[in-house]
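Each of the two complexes below includes chain A, the first together with chain B, the second together with chain C.
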Partner chain A sequence: MENNQQHDESVVGHIAPASMYVAIWAVLMAFTAITVFAATIELHVFNIVVALVIATIKGTLVVLFFMHLRYSTKLTMVTVVASIFFLFILFGLTMTDYLSRGWLTYPGH
Partner chain B sequence: MATAVQTVERENYLNANYGIKSWLLTTDHKRIAMLYLISITAMFWIGGFFAMMIRLELLTPAGDLVSSDTYNKLFTMHGIVMVFFFLIPSVPAVLGNFLIPLMVGAKDLAFPRVNLLSWYLYMAGGITALTAMVMGGVDTGWTFYTPFSTTYSNTHVIGAAVGIFIAGFSSILTGLNFIITIHRMRAPGMTWRRLPLFCWSNYAAALIMVLGTPVIAITLLLVAFERAFHIGVFNPQLGGDPLLFQHLFWFYSHPAVYIMILPGMGVISEIVTCFSRKRVFGYEFVALASIAIAVLGFLVWAHHMFVAGISVYAALVFSLLSYLVAIPSAVKVFNWTATMYKGSIRYNTPMLYAFGFIGLFTVGGLTGVFLASLGIDVHVTDTYFVVAHFHYVMVGGMVMAYMAGLHFWWPKMSGRMYPEGWAKLSALLVFVGFNTTFFPQFILGYMGSPRRYHAYPPEFQVLNVLSTAGSSILAVGYVLPMIYFLWSLRYGEPAPPNPWNAVGLEWMTSSPPPTHNFDETPVVTWEAYDYENQPQEEVTIGH
Partner chain C sequence: MATSDIQVAEHALQHHFADMEQQRETSTFGMWMFLLTEIMFFGGLFCAYLVYRASYYTAFVEGSQKMNIWLGATNTAVLICSSLTMALGVRAAQMAKPKLMIALLLVTILFGLGFLGIKAVEYHEHWVNHEFPGPNFHFETGDPEHPATDAQHTEIYFSLYWAMTGLHALHMIIGVGLVLWIVLAGLRGAFTPHYYNPVENVGLYWHFVDLVWIYLFPLLYLISKKHGG
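Let's look at the complex of A and B:
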């Protein structure tokens, strides 16, 4: 470990109480029920929005608590945020193509 | 050879233990680097064989040596082998594996077993892809464009895709290992601002490996699923979009160009400073330019799709963003040149290759700026202009840097000196052969000669003959190092710890290094590349 002398953050993982895992699990199950319920209501385009928002919340809970991001170093948090940022680049720049394809009209169209 | 060869007595990573098992189960980053060196060299010759077949076919205008179907398979397999199994792993997996722990003053990479796993994954991926090739090959081009790859091709697309998928994990694991090693394993005093530029550029490349490779892996898996189960992601009849494939493919594969070239740029930074005896000009700018290239590289992919039918507005955005990558690339080229200005330049082989890199990469980079402009790109898309452009970057840039690095660190890796005269000849042959091969292709492309055809109009023959002749010179230039490196293992002069009088921790341990790299953890008290102010005697040596 002599190479890590300047980095003295704890290398031992965080130990969370079992009750917290159960609570998070209950919240996840509740959101699953809400997802199923929301799918039965006709909200037009908002059906997909609701489903995605719930999925995002559930994913965030898993990453924060089950994957211990909440107890991790700032560097680990930056890493996770950066990967989500690059996912947005993938989606965002791809959508510049899909959303603007119809803008230019061609003769006959 | 009657002269007795002095044996290296000090225990080092090569003679620490013997036997095939000691190599195949090793967790020593230096031995794993050697395993990679052997395997990617084999891949280089396989890919090179396909290239020579292509050039021989194009010696005459008629498609007479191979059929058009075989030709399609040849250029596809050349691309797949060279891109995924040679260029992407070359500098990181061989030189990066060997050098990063040495350069940061560590005993090994952060996860030595994961490092060995990455080699096994590379081998599994390589063997899978090669099996697909032996069983009949693939004809989609290395880009696997849909709908041809998903619906129409009758070749072994799934086998090749699975091979690349597996090798992708090797790349991700290597990238992770580098990032964590550079963050966590630096020796006392080795601050980010003292980090060798080779580590900076491999760090930037590792970021791309970790962020981008999962996308290509999933995309190729989708192609396999679409072929096997008709799931309809890319097929318009099932609600899919073939251009979605190109978006996803190039989201990784354009940044992959920077996975290839960034570590090469790191090699050049090390060599230019050493053989100019000067601190690199604008260290911070060169270091941060690597990160800038890695980030900007993710914003430009659709310049591969300007004529594919994407929205013209999106094309405008991607064209503008593509120009931006030229800025950090130019920062590097200008700073290397400024480093050489008034330097005490020594013309050793690594420096000759570095000169080649700077010149040829500049040509490749500038023609990339041409291609980023919509007007020119529409004219030369899918012509030999594009082929010449990316070979100037990949071969003129990347392979030159790889060869430069191999020569520069060969004494450290093998403990032997290579024959300088032969090496200079090989550098010259590679430079001449490369330009004779690929410069005519710029002209061919500008005249409208399309790529990926096995026959062409007779008026293009002179330029094609030049190109084929050049490729044979290039081949000699690559065969020579293979011979003299092997020769040097037995007959080369034993290398001193620091044959180039370079700074950097890797030169402060013996050649070849002991298994644990340094007998004592080095303490860094000097700035990076302090060639002007740092007398060698003041440097703390680990043993």
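Let's look at the complex of A and C:
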């Protein structure tokens, strides 16, 4: 879990190899090309699903590697996951209202 | 070199932390807490997008046809490249290579300004086409055979487009300023492998702004096929 540099007192934190950053960059660029290409195919409701799945893969790579979450403390990881949870509460509770408005009929309507 | 590093480090260690590692973890955690409030901040706009897209899907498709998908894709690539140079810049700071760090951060600033320049070209195009919400808003598909079926509600799409990309662009401008601040501090020799918290935290901010754009691009530009046609 913890970095292997800890015995060396001149460094704090984890230093990832440059090749890892370049590899993540290449994957992000490839997925950008894929998402633009996927948008030219008619998939009906699945266009947005494909676009969001690709965006989430890209976002996860950015958070884990560019933002060093993979090398962060467990406290930071738990907090990030909690914020995503609350973001989905925001989306989820709002949409349960808006999407269900046409479901019920009531007298005089 | 090693001696001066240790002197700087002792100076940089605040008295309420046990050691540099604890100080760094605390500083990073604090930055994450700030970024999580930013996620909720943008989250409100994403939620508004979700509600109105669900309500006026046709208008959102028609509005999104006005986006220049190639400029949007180029800007996505520019931001990803800037994130790479930012990440490598933080790494250079960790490895006691201040000149390399400064060079990489200057490239990051150039990518950031490039993004804003391309965004300005897009904004100008929308502005002259009256695709800015307000009294002069006017929407036409540009194809007389296929007039807009829900031109009225495209204004909602464009309101969200300007608000979301505008707030994102504001973050980019702030980000460029922050990276410039790190460059100036780096020129004064402020950072060592012991102490680079500001570099790391500005890096986190920069990647976060990239992360927001990763979602904005498909949601605003790639709503439906028909593009390019």
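One rule holds in what follows: the second predicted complex is superposed on the first by the 94 of 109 C-alpha atoms of A that agree within 3 Å, B and C clash if a C-alpha of one lies under 4 Å from a C-alpha of the other, contacts with A are read in each partner's own complex, and residues count from 1 in each chain.
The definition used in the following text is that contacts are C-beta pairs under 8 Å (C-beta built on N, C-alpha and C of every residue); 3 or more make two chains touch, one makes a residue touch a chain.
Every value quoted in this text rests on a predicted model; they were computed, and no experiment measured them.
Chemist: Give one of first, second, both or neither to describe whether A:V45 is in contact with chain B, with chain C, with both, or with none.
Modeler: The answer is neither, since A:V45 touches no partner chain.
Chemist: When the two structures are laid over each other on chain A, which of chain B and chain C touches more residues of chain A?
Modeler: C
Chemist: First (chain B), second (chain C), both or neither: which does A:S100 touch?
Modeler: After superposition on chain A, A:S100 lies in contact with chain B alone.
Chemist: Would you sort A:L75 into first (chain B), second (chain C), both or neither based on which partner it touches?
Modeler: Touch status of A:L75: both partners.
Chemist: For A:W25, using the defined touch cut-off, is the partner it touches chain B, chain C, both, or neither? Pick first, second, both or neither.
Modeler: After superposition on chain A, A:W25 lies in contact with chain C alone.
Chemist: Going by the contact rule set out at the top, does A:S83 touch chain B (first), chain C (second), both, or neither?
Modeler: In the superposition, A:S83 contacts both chain B and chain C.
Chemist: Overlap the chain B and chain C contact sets on chain A and report the shared residues.
Modeler: Residues 6, 75, 83, 86, 90, 94, 98-99 of chain A touch both chain B and chain C.
Chemist: Using the touch definition up top, name the residues of chain A that touch chain B in the complex.
Modeler: Against chain B, chain A makes touches at 2-7, 75, 82-83, 86, 89-90, 93-94, 96-101, 103-104.
Chemist: If you look only at chain C, which of its residues touch chain A in the complex?
Modeler: 2, 5, 20-21, 24-25, 28-29, 32-33, 36, 39-40, 43-44, 46-47, 50-51, 54-55, 69, 73, 76-77, 80-81, 83-84, 86-88, 91, 94-96, 193-194, 196, 200, 203-204, 207-208, 210-211, 214-215, 217-219, 221-225, 227-228
Chemist: Once bound in the complex, which stretches of chain B touch chain A?
Modeler: Result: residues 105-107, 183-188, 211, 215, 243-244, 247-248, 251, 298-299, 301-302, 310-314, 317-318, 521 of chain B touch chain A.
Chemist: Quick check: in the complex, which residue numbers of chain A touch chain C?
Modeler: For chain A paired with chain C, touching residues are 6, 10-13, 15-16, 18, 21-22, 24-25, 28-29, 32-33, 35-36, 38-43, 47-48, 51-52, 54-55, 58-59, 62-63, 65-68, 72-73, 75-76, 79-80, 83-84, 86-87, 90-91, 94-95, 98-99.
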